[in-house]
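Following this line, the structures themselves.
Consider the two complexes below, in which chain A is the common component and chain B and chain C are the respective partners.
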Partner chain A sequence: MFKAIVSAETLSSALDSVSVLVDECKIHLEEEGLAIRAVDPANVGMVDLSLDAAAFESYEADGGLIGVDLSRLEDIAGMAESGQLIQLELDEETRKLQIQIDGLEYTLALIDPDSIRQEPDIPDLDLPAEVVLEGKDVNRSVKAADMVSDHIALGVDDAEEYFYVDAEGDTDDVHLELTEADLISLQVGPAHSLFSLDYLKDMNKAIPSDTEVTLELGEEFPIKMHFGFAEGQGQVTYMLAPRIQSD
Partner chain B sequence: MRLDEYIEDLEPDEEAERRRLAKEKSYAITDHIAEFERKFDDALSGDTLVGSTAPSIFVGRSNYPDIPVGLLSPVGDEDAAEEYVTDDSWYRRGYAIDDVLQRRTGLLNSSKRANVDSPGIASRLAPSVADVWDGFVGVQREVAIADRPVDLEIGLDGKPDLGLDAGTDVATPRGPRATARSADLTENPHVPRPVKKTLEDDDWQAQGAMTYLYRRGFDVYEIDSILSAGALGQAENRRLVPTRWSITAVDDTVGQFLRGRIENAPSIDEVQVWENEYVGNRYWIVLAPGTWEFELVEMKAPGSIWNPDPHGDVWMASAAEGYEGRSGYVEETAGAYYAARLGVLEYLESIGRQAKCLVLREVSDDYWAPVGVWQVRESVRNAFEGEYGAAETFHDAVSAVATQLPISHARLRRKSELAAGLQSNLSAFGTN
Partner chain C sequence: MKFAAFADRAGEIEAEASDLAIVDHVTSLLADANDDLEVVARFVQGRVFPAWDSTTLDVGPRTCYEAIARAAGRNVSADDVEERLAEVGEIGAVAASYDFGGQRGLGAFTEGGGGEDLSVREVYETLVDLAEADGSGSQDRKVDLLFGLFNRCSSEEARYLARLVLSEMRIGVGEGAVRDAVAAAFDVPEDRVERALQVSNDYGRVAAVAREEGLEGLDAMDLELGRPVKAMLAQAGTVTDALEEWDETAVEWKYDGARVQLHHDPDGETRVFSRNMEDVTDALPEVVEFADGRLEDPVILDGEVVAIDDAGDPLPFQEVLRRFRRKHDVAKAREDVTVRPVFFDCLHVAGEDLLEAPLTDRHARLESLLADGEGLSTLWLTDDPDEIEAIDADALEGGHEGIMLKNPDSAYSPGRRGKNWLKRKPDVETLDCVVTGAEWGEGRRATYLGTFELSVRDGETFETVGKVATGITDETLADLTELLEPHVLTQDGQEVDLEPAVVFEVGYEEIQASPTYSAGYALRFPRFLGVRHDKEPADADTLERVRSLYEG
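Entry: the complex of A and B
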């Protein structure tokens, strides 16, 4: 059983943060809210999302699992005007999702969850550095790096105690240093890893500019990025594998 | 073989070869043109080229969609028409730049302008060349799908222009050109059965039909010409495709098919370096364990074609793709990217493995005239012969190869996505 009413913005934000990595995904319809976990086909980027029942106008679920085509569902959610509510109801018999937006009814065929790529385990990484900053600073870093290169180095100078962003291009360079005063918080530790901007650009699109983003970093280790959406009632964790420079 | 020994073994031969090539650099093409002119006068009866035979076609792209559609025929050397067709045999026979130019300039391009999907009145209602089998375009399409040169007569409009102008890396230098009025077949062309099948199935998407022909043993050269003539794909989509575009489309389509074949294959288990050199182009191919990732980096020496200033800097271009390929056309390296990628994928598919792959192409000033993108494809295809140099790590291999390049390792790292860092995946960090 699944029946929920949610604002168009909240639903779109949730779907957008997953669709940057995969075309289809499994959605867990838990009593306490929705949960999605997915990894891209290259096994490079992962997303772990939860949207609490409190983020919905109304929410009832009892632990079902559905598979959806994300771009379809995003298109439908996109039909709603800002501030409109979207009503979702699972028809258990036909295995279709009934979607209503102000009189518009859409019946969405679901995908067999078993045919969707297996959900990843969340690796338990002990990353030494933690940087908390505003979404707009992540955006600024990614945008500047993208002007010169296809990859970006993120690191923490543990002696001088600052977080830095480096991008080396064909001829031009970008460098940004943020000290503790520029950040919300900084836990120093040895960290330097190179990441593909293809992935980071997509992930960045899903990060609201006014949210707090927590980055966990290590030396040639995956980055973890945590942030909230829907007034903190939705949480996203991205994990991205680095480009290896050393061997 | 260890990589350092591999590189050491290469050097003496390659240096000698370079000197030889440099000596051979010749501009004797003008003599050749004079001879062509004589042969041409012999073959002309009034304004009709009789007893001619066309092994292939050329579709231009100027003024698209009203493009020049051409029949290529060797004038005065009809019996050897087969040898004028660009394909892998040119590499196998070790053609030098001169040989290629002689073949190319010995082919008369008799062309006529036609619209890509409505060359005649009949096709104007439902634009498509699917049913166009008469007139000049019809004859041209028959020649394209035949697997051997087709005898014909070509009616010319005026004298041909014998000027040799340098073409481009993809389109090839052009030989003499003439404006055609008409063309008539003087024999029934022979069309292989699989080509008949893709021709007749007008509900089959072009990509699937191209892949089918490749799997049936047709090389990309033959598929290029069939696609170019609009002889495969869904009927309503069939149109003439400029030769240059069709070459890239076929390399890309077949490459995607092969990438699909290896996407779940195990990885190679050691870092391999392969080298090949041909017509003033030197290729280094570094394969490393991991999931598919590909990059072509080109270095064009000052004084080579495309970088004519002899005192300038080495000109660089690069393009890359990750595990899932790329969605946009490459901004740099153009058709060479798809040709090199095809060569690598054919090798990986043949051994049933996937790998990360960096192709470095060094164009020396011995490359004085562009011979066409087939040169890239064949050089990469044929690089995987004999032994390779083995290295401990990808970055070790790149450092060793960098000592042989005309640029610094630092500059390579700035230009090359793979030399800067290889994409790892999450499973390396304890996830699945």
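Entry: the complex of A and C
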């Protein structure tokens, strides 16, 4: 069984941070909250999301699994005005999700979870560098790099102790340095990896500018980006595999 | 099978010029395909899905360029790919010219580490996902999926992946080569493979059945409701051909419509397929309604849909096409142009395949299915040229295209353009003949002149070469009567002598030597094509021209 009431903002934030990578996903309806894990078709970008029961106005679940079409569910959540509450209830008989927004009732057909891409194994990475910064700085870095290139290098200079962003275009280059003073915190370590902006731009869309984002980086290793939403009761971790830098 | 192994074989085949050597390559490819036999048998022809399946990848060139660009590395754009294509001229070569794999996958960082080489199966499954993607954002998803594949490709793999995706495989493997290779690889006779292909339209399935179940399995393959088979085709021919070839000729009207194959299961689905085996069910609700309302048995029927006006008269072919291509607002389109089906062949009734049965038997089954004649194309059996002419005239008068001539004993051979079905050949040559006589008609045509006597010039005199009575509508007869009546010289009963004044353009099948007419020649199956208002009798064709046409 699953029955929950949640604010439109919280639900939308959760869905948006997954839909930047996949169109369909499985949602685990655990007793202590919702959990979603998904990887893009090329197995390059991954999202791991949890939304605690405390983030809901009310929440009851007993460990079910449903499959949803994310854009459909986002559209429905978009029908709610800011501050409105959305009630979700799983009809076990019909395997449909009953959604209520005030007087509006929507019955959403669910997708067979078995037909959805398998949930990824999460790489167990011990990354040497950790950068904590504001969402708006991630935003600015991605935007600057996107002006000149379709790739972005992220790294930490462990001697000079700063975090940097490099982007090389055919003609123009972008370089951005953020020292510990510009950041919330910095744990230096050898780190330099190249990433595709196609993915990073999408992930960046889901990062609120006023939130605290933790980046974990290594040498030619995936990046982990972690941030909270719904007043810290929701957590998102993105993981993105690097590009080989030899070219 | 690894996709790299497939790409290697495809490369070898492409480099091969001799058909026999190609068949040998395909044979060993199929023999080595293991679990991927069905997919490999299609991939080698550049197909992802079986021929009967209407599923398409729906990947435009631009989507493919974007995926290649993204996999190709830093700062390569779809425009760059397109530019290179303009230089190189072929997408496979473009894809092979890039160095893919710059983007690593997350799998490489998990325990046990991913990084597996791309398999034929993975390519196929990803392309199935790709085909299923629809709705908003689906083009992005297609790019993502394709990128994921290209990113794992070597140059050679990329070459054939790009071609496969854009349906430009072109390595010289035709249907016949795969048929022969299936026969050779699994030691079954080619003609039985051919038969199995005709009923199933599925090279992958046939290859798998040949391998798993051998000849017995192949022979047991039947038509299946919902899986279209290729339409039997006609070639051009003449009444003379038909009468010479067959004791009796089956004659049908040739409808000016679009070919459809109806698959109707009263307890299941009704699907309508075009001549190219495209699913056009949604565009043609009238055909589905016809089947639901009238057919109680599971059947596969072959026919045409014709567009009709409010009076039920046929409209030109273009009107049908407008309905055929319609994907949206079918109800609105239906208000503008109504279509109706006319069936002329029956391939399957209630579990029984009729492909091997003679045409006359198949048509008899069709008649019993459509007992009240609605939606049934009539079939006449005759050896009388005049009767054939009369049927042709009625067809033309009814606004149809003409007639079909069929061998009454022939089987239904899907996809074959054989001499068992003839569409009456349009006239090769026409003659401008002077009208020198006519007859008053009978019945409702009593007030019209008809059966016009045709003559050609021989110096200052005119010699007859035939009579034309057919292919003329009542409306035209009225006009011709008005045109000719002032030139009546004498009248004897129904027969009228006319002053040479009016010139007809006349088509015919051939010229024969004949004592019947004063010219010594007769036009065989003459047809009225029109009045040459621009010509005087003095400008009409001469006996000399008729003679030279006869002598060829």
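The working rule: the second predicted complex is superposed on the first by the 246 of 247 C-alpha atoms of A that agree within 3 Å, B and C clash if a C-alpha of one lies under 4 Å from a C-alpha of the other, contacts with A are read in each partner's own complex, and residues count from 1 in each chain.
Note that in this section a contact is a pair of C-beta atoms (placed from the backbone, for glycine too) under 8 Å apart; a residue touches a chain by one contact, two chains touch by 3 or more.
Given the structure is predicted, the values throughout are model-derived calculations rather than measurements.
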First (chain B), second (chain C), both or neither touched by A:D23: second
First, second, both or neither for A:F227, with chain B first and chain C second: neither
Partner chain in contact with A:S71 - chain B first, chain C second, else both or neither: second
Chain A residues contacted in one complex by chain B, in the other by chain C: 39-44, 46, 120-125, 150-151, 168-170, 196, 198, 221-222, 239, 241-244, 247
Complex contacts: residues of chain A adjacent to chain C: 23, 39-46, 71, 120-125, 149-151, 168-170, 196, 198, 221-222, 239, 241-244, 247
Touching residues (chain side chain B, partner chain A) in the complex: 291, 316, 320, 322-324, 392-396, 413-415, 417, 420-432
Residues of chain C that touch chain A when the two form their complex: 70, 73-75, 77, 99, 101-111, 114, 126, 129, 133, 135-137, 141, 144-145, 147-148, 151
Complex contact set, residues of chain A against chain B: 39-44, 46, 118, 120-125, 150-151, 168-171, 194, 196, 198, 221-222, 239, 241-247
